[in-house]
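Paired with chain B in one complex and with chain C in the other, chain A is shared by the two complexes that follow.
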Partner chain A sequence: MSSAVVTFDGVHRWFGKSHVLRGLSFEVAPGQVYALLGRNGAGKTTALRILLGFLAPLAGSAHVLGRDCTDLLPEQRGRIGYVGEEHRLYPTMTVQQAVNFEAATRSTFRKDFALEAAKRCGLRSGQRVPFLSRGQRAQLSLILAVASGPDLLICDDPALGLDVVMRREFLDVMIDLLADTGCTVLFSSHFLSDVERVADRVGILHEGALLVDARLDDLKQRVRKCIWVPNGDAKPPVGDNVLRVGARRQGFDLTLLDATEAMFADLAKSGELSPPEAPSLEDLFLDITGPEQPGMLREPIEQFLSKTGGA
Partner chain B sequence: MNALRMKDRPWMLGTIIAGGVGLGFAASQHDFVTMFVLGPRRLELLYYLAASCGIVLGALAILWDDLLGTREFLAQRPVTSDAMARSPLQACVVVLLSWMVIVPIFAWCMTAFWSGMYDLSYGAGFPEILATMMVAWPACAIGCVAAAMPAPWWLRLLLASTLTLSTALLISGVAATDGVSSHLGFAFACIAVAAVLFAIAGFFNKQRQDPDRPWPVPTRIVGGVVLVLAFGHSLTALGREALSNAVNTAQWEYPQIVRLDDKVGLAVRTKNWRNWVECDADHAVIGEPRPRADFVEIDYRAQRMRDVLEAEEPRFRDHFRDRVSLANRSDLYMHQDGRVWVRDRRRHQLHVTGVGPQHEKLPKGMELGYVDDVGKDPNQRSVIAEGADSGRLLRFDETAGHFVDLTLPDGDRFESVGYVREREAKPNVGEVSPLAFLFVHDDSISFIRGKNDSYAMKDGELVAFEPPVREKATVATSVRGEVIGKDPLSFVVEVPAHDGLASFRHEFQPRTATERFYAGLGMTFSVIRPPLTQASCSLLCDDETAPGVFVDRLIAGGKRVWLLLLGFAVAGVGAWGIQRRLLRIGASDHARRFWVVASALVGPIAVLLAVLVETPRRHARPNVVPAPAPRIVSVSECEEVVA
Partner chain C sequence: MIIRIDPASPDPLFEQVVFAIKSAVAKGSASAGGKLPSVRELARELAINPNTVVRAYEVLERDGVIVRRQGAGCFLTGRGSDLAGAERKRQLHELLRRAATESFHLGFAPEDVERALKKCLDELQFDSKGKKA
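After this line comes the complex of A and B, so read on.
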């Protein structure tokens, strides 16, 4: 048995004929901030909904706080905070009423903390929810989710639809509220710069399967990007270390994993090699999920190279 | 749980106010005297509006969070599923109770305001209003059940429709055995049905079923049984109606027994219905069409299948007429217990009146009515109170302001009030052409029918009145045929010898192509009825006049066993077919057992339901190929813990 707060173990899920999750497996350790990344339709929201018990996996299992997600008890739900994609709150309520509702339904909810936090965010208690801006609603959702002191906070793309300033503000509030709480966070996002600011570990989901499940600092150490212009008819490298070979007008963009010094020496010998550097998360994400890429699951790199003629 | 009630407050408040006012207006459809002095016979508008409001209320309560998009936000509360499931049902009960308080008060105030009468001593209509509104309870529960059922929207709508029909038939059947519902009986039936349905709604509301997965066993047991009962009952009732229509139409196609010239025989109507034509014992037409007037129909009472879809609003009183207008802009009102009031329409005043100067109550069972005066003033008429059982007749003396006894001449006994068309009573109006009746004044005039003679009112006096020819002809053809056999399709009619004519006997059964078609159609509807009800009908149903949904008179009392066996065979084939289908789509053993048993007992209706409910198991794909492991993986930071 693992100490993980969240465990996905070979979870499959279909919607009709669409295979949305294809054997998803990963774990989130206590106190970790885990970012689940992926393009639209990659299966992020489905994974989080399965975790919250709103959907059942059709194969495999998912556990949260040590309990099967299909059978969550009020006890576990009380320890989970949830911020949904669209920050759904009761449109018939005011900010004060929304806080009161949370306080009435969650025994651990800290009403004073929530009202104080709302005040700091510029939310007036008499403001009605439908008249809040998208950003204000996101902030209120986050405050409500955090004020009960959850052991696990699940956020489904919480910054979606916010402008740059609001997004930054939202993140600041999130960091501020969660500071030193030891709360485990699992969130999905499209904004990779935000992820780089807060996440300890990232999972990149593509077409229902996890391509990356790694610590952020680990990624920065192990992945290298360089430009290689071969001499004569030298072929680009192939193998497990090569994540991507992208054709340029002259030469190739290479994204390499755990590349050794010997490998760089070989490349330098057979062509001109730019200094290897750690790619940004956004670059890495594009390299492995971009539409024009061979894909790490769909097509072996050899096949891709044979199609493009090697260069 | 009060906390959950916080989010329900807006719709609760909205429905209490909107429903209370709307139903209050519906309960104010009569004037104050009819509503609260006499008590209404039935409140049709209130009944249907309460039923509609109930369904909307139930559906709104369950679907409120789906409408707002807050279902998952709510589901994430640390609240037990029981409390979550109970909360909307309890809110519904609060709203319904509020309606029961608001609507009668609102109706009293509204009718008192419009009638200009504010007399707190009158409240006769409250029991009727409250009893009529009880229909909102089962309707609300139906809304809850249909909205909470973990099924696609179209199946929920179908369930709501079938449950509505089914419960209406059930409540109507329980509460109105003799045509008049008792307040308590109707209320009890509504509450009992609502309690069962609320319990089912609570169960469904706890299930948050994944639409891509089949029902788990408990849901299939409850949901499947509810579906089978609701669809089974309502479709059986509809099928029974179709069966009745087909059998009655076949019987309608049979020739009529008629007296023509000097013999009794068979005849059928021609297509234009103006002429009749003789036919032989095989129902084949013989001879030429002749005018209808040449034939005298001999009536016989063959067994017919009664309609069963007669669920309507409850009728709490069997008054024929409890209000009549007087000449001096006043109205006369009579309570069912015999109390009578005169109301001046201009002054809004209500005066007690009755029989004689002492204003005694009218005898029980009397009805108010009019008798036309055929004297000098053609518009004059007298208000009477008639008691057919007691043979007593009273006339309201407008000058004295009370009822006086009206005695028929020569010691004759009052029997009924008859009506005759004015042009029949007065031949000088003239029959011009077949279309002329459209342009001729066609009012009927009323007369008094005594045991010995008929009387018309002329200038305030009763005079002997000669009934028109139509009335006499009815008496002349009173010879009836005796029906032997209780089957609606095959029976024998014997007409006794009379007026010098020989007796006549004919065995009716489908003989022509049309008759056989309708009989075959009826038998087809019989075959697809639930075998369980057919078997019990065949074995137990001896009283063939019973109008129940489950009575099929083609097989009742052990008749046509082959039709019963054919029904079993059809159900058996259906059960086998559904077993094959469920195997093919990968359904569980439980699902297969459930639907096979249901199909064997309920027949094609259950087969249809099984096809609708048990959809192909998309989740159960055998070839689940796991995705390859991630290309980039860091070491897990989770520690292994010894359990």
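After this line comes the complex of A and C, so read on.
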């Protein structure tokens, strides 16, 4: 097996007739910060829950810290920090009690660190969980997750519902953790500006499989977008380095990988070409998950079920 | 030394950090012996991944712009860059070619571009050895 901290290998998962993950495969290397992006319902939460062993894959396999996710031992669980979408905390507890509780479950939990961090975020130890704001609950969840010095931090859309200031503070806690421990992070998010700041690698999940799985720097340096309006009936280019051809009212949107000057020169000869630009993460996201995109890698549920002998 | 970056820019973040530090040296706003912020400080200040800062510092060290002293941190050497001559020339050519291409598309004549470049150089006050005069 590889040295990856997280491995998804052809994972399928469906709930009744809804086929949520359709052959999800990717890896997260040690020390990497991996951002999992996707529209609502793309399967991000399902993927993360499979990783934590809350759900089993119905085909394929997922490994975390070298162990199959359907068979995690306390040893692995103790090395994973998890911040869920709802920042669920016991409603009867105070901040202090929540810290004590978490400390009792993990031998490596640094109680001083947790209380200190909570104080820095303006949380009083006697405050009761139900009276915390959404942002405060998010912060407390993150503090509890990182205080044990996890090898892997998994966050499911941690910034959802947080204001700009809280999001930045959340990011600060994450940056401190990375600086201190070189921890591996896998997080899902809708805030592309945060992702652009901290992610080493991004995966864009669409209809249950990854359409993009690449280093952010590669996306910036190697992918170019341009608009091309052909003269007469010249056809758009085809080939391995043409990632996408989108029809416009006039001409085409081209997304190219490692395109050479010669290629751009050819395009400029056979039509009108806009100056090639590196796409922003937002452009790329809209391009490949937007409403006009035909679902790539799509496979009818029934077909898959019959192939694997049914659920 | 002020280091600014733009996470949404098409340039990789580590390159932006490298460029910001190199230009601070070129402009003279940072001088030899100056201490760079620690990885953690800079990562927090810019709100970016500490790995990115580490990578930028590695590139700067390789280029001879900074030295790392064990336990003490990173310091500016005051030298522009130790890159081998050919590589330096290639990088310079690449930079200027990009600027020239853009200028052409903006509709400038070669004389205008030369004048503009001269003006930029004057602003930085380089002498013939690439040092600040």
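The rule is simple: the second predicted complex is superposed on the first by the 284 of 311 C-alpha atoms of A that agree within 3 Å, B and C clash if a C-alpha of one lies under 4 Å from a C-alpha of the other, contacts with A are read in each partner's own complex, and residues count from 1 in each chain.
The rule we apply is simple: a contact is a pair of C-beta atoms (placed from the backbone, for glycine too) under 8 Å apart; a residue touches a chain by one contact, two chains touch by 3 or more.
Computed from a predicted structure; not experimentally measured.
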Clash or fit (per the criteria above) of chain B with chain C on chain A: fit
Chain B versus chain C as contact partner of A:Lys220, first or second or both or neither: second
Partner contacting more residues of chain A (chain B vs chain C): B
Contacts of A:Met166 with chain B and chain C, given as first, second, both or neither: neither
Chain B versus chain C as contact partner of A:Ala234, first or second or both or neither: neither
Touched partner set for A:Arg106, first chain B, second chain C, both or neither: first
First (chain B), second (chain C), both or neither touched by A:Phe54: first
Touching partner for A:Val33 - first (chain B), second (chain C), both, neither: second
First, second, both or neither for A:Glu196, with chain B first and chain C second: second
Partner chain(s) touched by A:Leu286 [first = chain B, second = chain C, both, neither]: neither
Nearest Cα pair across chain B and chain C, whole Å: 14
Residues on chain A engaged by chain C in the complex (per definition of touch): 31, 33, 168, 171-172, 175-176, 178-180, 193, 196-200, 216-217, 220-221, 275, 277-278, 280
Residues of chain C defined as touching chain A within the complex: 7-8, 10-14, 39-40, 43-44, 46-51, 105
Complex contacts: residues of chain A adjacent to chain B: 1-4, 10, 12, 14-17, 22-24, 27-30, 32, 49, 52-56, 58-59, 74-75, 77-78, 80, 82, 84, 86, 88-93, 97, 100-101, 104-107, 201, 203, 208-215, 218-219, 222-223, 240, 243, 257, 288, 296-297
For the chain B and chain A complex, residues of the former touching the latter: 2-4, 6-7, 9-10, 68-70, 72-73, 75-80, 208, 210, 212-213, 618-619, 621, 624-628, 630-634, 636-643
